[in-house]
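Heads up, the next two complexes both have chain A, just with different partners, chain B and then chain C.
Up next is the complex of A and B:
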C-alpha cells in the first residue's frame, strides 16, 4: 500500500510521541491524579461526585494542554534544530504536506493520550451513578477540540521560531485567549481612546476563544451540552485550525534551511 | 543528451539585518553530464553546500536558475529522482536503522514490498545489516554516514548528491564507499560529489569543478586538468653536496632531501642528463626517473591558493 506523505509524516509523529515517552508519562500522571481524586472525593460529604468531576476535567485540561505544547512545539522547529529537516525536505514532499502531517499526527497522538483520562472519568461516574456518561464524553471531545486548535496555533508559531520560543508564545496565546474577555472589558473601562478600543477589538478577534470549548461547569452540574453547540464549536475549531495551519504553511513555505 | 544538472548564472546572496549582505554564490554556470561521477570541490565557504541546497530547493536563488534531471531546481519531480546525503547527516535518534530507511522510503511513495526489498539490500550494501535493529542514537559517526548513504539510495535515484560522504569513515569504509560510487556509475547513475578528500575525488571522479569564493575557478575532465606538465622527477640514493649545488643553479628546479632518498624535480627533460652523469660520477644511484605526475591536490592548491594570494594582495593594497 502506498501512503500519502501526510499520512507517512503523521505516523512518524505518533511513533515519536510514543518513543520519546513524554506523552505516555503525562497521560499516566493525569490518570493517576484522576484516580487519586476519585478516592479523595469520598471525604467531601454530599458533593463528592461534583468535586471529582471538577478535578478530573481540570486535570484533563492541564495535562492535555501540556502534552500538546510539549509535542507540537518540538515538531517543525525540532526538525530544524536537529537538522533532520535536510533529509526530509530533500525527499519528494511538499512543505505544506509536512506541516499537515505534523498536525494530523499530533492531534491523533494527543487524542490517544487524553482518551484514558476521559475513560477513567467516565468509569467513576458510572460506578457512582454520578451523571450522564454522554455529557462526560462530550466534555472530553470539547477539550480535545481545544487541543486541536492549540496544535494549529503552536505549529503556526513553530513555522518561524525555535522550540523554546514556540512553547513560550503558545502558552502566552493560550493564556491570553482565556483572559481576553476580561482584557476587552478592562480596556473598555479604562480608556476612551478609539485607537485603544480598536486594538482591543483586533486582539479579541485574532485570538481563538478557548472559553468556547469549556463545558466543565455544565458537566459538573449535570447540565446538558446541546448537540447544536457541539456542532457549532466543531465548526469553529475547524475554521480556526484551518486559518492557523494556512498561516503556518505560508510562513514555512518561505523559510530557508 | 540532457545534463543531469544544468545551472546558469545561479546566485545566492544571504541577507543580514546586523551585517551587510553576504554573497555565497556569484553566477554559477555548470552542466553535469549524466552517467558520470562529478567532483565539486572548493575550500570552506566556497559555496558548495549553498549550491547543493539550491539544487534541492532548501533555499531559493537570488539570481539565475537551472534544472535537475530536466525539472526546475527543487521541484518535487526532481527530488523524486534524486538521492541526497547531507554533510554530517542527522537522523531521528528514537528510530532504529531499518525504521529510518522505511520512513524515508515511504516518503518516496515506495510500495511496501519494494521498500522492504530495497531497505534490506541497502542495509547489506552499506554493512549495517547486523545493526539494523539498533537505535540510531547508538550508532557511531561512521555508521551514521553509512546509514546516510543508504537513505540517499533508497529510491534508486538517477542522481545522487553527496556532501562530504567520506566524513567519519575509516579506510575500509572509504574504500567501500568508493566501490559503491563506482557501482552507481556502472549502472548509469550520476553522482555529484562534494568533498575535501582530493585523493578520493581524483580516484573516482570523471570530471571536477572547483569553486572558490562563490565563483567557478575551473571545470574539466580529471585527465585534462592533471596533464600538460613537462616536469621530470628523479629519486636518487647517495646524493652529495655537489648535486645540491648543481640543482640550485637550474632555474625552477627543486630538491628535497628525505631520510632514504633525495627527490629532484626539474622543469624540462634536457636538465635530466647532466644530473644522471653527476650522480654516476659521485657514486650515487638513480632509483626512479619519470615525468612528474601532478595530483589534484597540486592543481587545487595552485588554482585556489593563487586566487587567495591575489585577493589577499589586492585586499592589502586597498587598505
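Up next is the complex of A and C:
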C-alpha cells in the first residue's frame, strides 16, 4: 500500500518532534507543575480544587501554546534554512501536500504532548471529587482546538518568513485576538461614529478569536459545556484553520528558494 | 477571459473562507454565555482592557493576586494599636483588579465591601461594590448578608437590609447559611421596632431541623422585651 504524501510527512514531523526532545521536555515540565500545584495546601479550605483546576488549565494552555510555537515555527523555515527542502521537493510531493503534512503531524504531536497534562488534571479531579471529568476532557479538547488554529496561523506565517519571525508574529496574532475586545471597547469609548463601530465589528469577526476556546470558567465553576458549543467551536476552528492553511499553501506555492 | 477569472480564484476562495470564519464566529457567539457567564457581565472599558491584556490566564492571575492580598493583609502594620489604614488603601486596587479578572471572586467582593465600609468609612461605595458582586454572583449568601450588615449598622436602612437577608435566607442549600441570614433578619427587624416581623422570622427558624431550641430562646427573650444582642458573625475589620 502506498501511503499518501501528507501522511508520510505527518509521520516524519512526529518522529522529528520526538527526536528533538523539545516537545517531550515541555510536556514533562507541564506535568511536573500540575502535579506540584496539586500539593499546594495553603489555600483556603474548599477552594483548593478550584485553584488547582485554574492552575492546571493555565499550565496546559501555556505549555501547549509554547510547544505549538516551538514545533510549528521551525517546520517550513527549518527545512529551508537547512536546505533539506530541495531533497523533499525533488520527491513526488506537491508543495501544498508538504504544508498539509506538516500541519497534520504537528497537531497530532501537540495532542500527544498535551494529553498527559489533561490526564493528570482529570486524575486529581477524580481523587478530590472536584467536578465532572467529562467537562475536564472537553476543556482539554477545546485547548487542543486552539493549538490547532495556532498551528495553522504559524504555518501560514512560516510560509514566507524565518522561524524567529514566525514565532514572534504568531504570538502577536494570538495577543491581538485577545486585545481586539479592548480595541472595540476603546473605539466605543472614544467615538460615536458608526463607521468606526462597523470597522471594530468587522475586526471582531475576521480576526481569530482564541477566547472561543476558553471554557475555564465552566470547568472551574462546575458548569456544563454544551455539546452544541463544542460542535460550533469545532466548525469555527476548522474554518479558521482552512483559511490560514489556504493562505499558507498559496504563499508557499509561489515562494522561490 | 477564463484565464483572467482564474487569476482571481485564490482571492475568491480566501474571501469565501473568511465569510465562513465570520459566520461560524457569529454562530459560536449565540452559545457563548452558556459556557462563559462572564460574557454577559457589563464590564467597564478599563476592565475590558485589563481582561484583554490578561487573556486566557486571567483566572490564574486573579488567584495569585488573591494570594498576594491575603499575604499582605496579614502583614499589615499596627499604628498606635490600630491597623494602618494606608496598607488597606494600597491593597484595595488589587481587590478591584481581582474582581475585574474574575467577577465570580466572591471572597474579593466580600473583603472589598467590608474594607470600604468599616476601614474607610465609605458605606455608600461599599454597597455599590457589594451590589456589583451580587449582580455577578446572585447565589452568594456572604455578599447578601455583608451588604445587609452595612445597610443596617452604617446606613440605618433596616428595610433594605432586611430585604437583602431575606434574599439570602431564600437561597437553596446550607441550613447554617439560612439560619445565619434569618438570625440577622430577626435582629434587623427588632432593631427597627418590628417585633411581629422578628417573631415571624424566629418561627421560621424554629421550623428548621436542629434550630428549635435556639429559636425558642430568642422568642422567649422577645416576649420578655429583651434588648437586641450583638449580631453573630459580625464582620470584623
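We take it that the second predicted complex is superposed on the first by the 240 of 257 C-alpha atoms of A that agree within 3 Å, B and C clash if a C-alpha of one lies under 4 Å from a C-alpha of the other, contacts with A are read in each partner's own complex, and residues count from 1 in each chain.
Convention: a residue touches a chain if its C-beta (ideal position, glycine included) is under 8 Å from a C-beta of that chain, and two chains touch if they have at least 3 such contacts.
All values reported here derive from a predicted model rather than from experimental measurement.
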First, second, both or neither for A:8, with chain B first and chain C second: first
Partner chain in contact with A:91 - chain B first, chain C second, else both or neither: first
More chain A residues in contact - chain B or chain C: C
Which superposed partner A:243 touches (first chain B, second chain C, both, neither): second
First, second, both or neither for A:55, with chain B first and chain C second: second
Overlap of the chain B and chain C footprints on chain A, listed as residue numbers: none
Chain A-touching residues of chain B, taken from the complex the two chains share: 53, 56-60, 76-77, 79-80, 82, 84, 86, 89-92, 94-95, 99, 103-104, 106-112, 151
Chain C to chain A touching residues, read off their complex: 10, 13-14, 17-18, 20-28, 30-32, 34-38, 43, 45, 48-49, 51-53, 55-57, 59-60, 63, 67, 104, 107
List of chain A residues in touch with chain C within their complex: 42-44, 51, 54-55, 57-58, 61-62, 175, 178-182, 185-186, 188-189, 204-206, 209-212, 214-218, 220-221, 223, 225-226, 228-229, 232-233, 235-236, 239-240, 242-243, 246-247, 250
Contact footprint of chain B on chain A as seen in their complex: 1-3, 5, 8-9, 12, 15-16, 19-20, 82-84, 86-94, 256-257
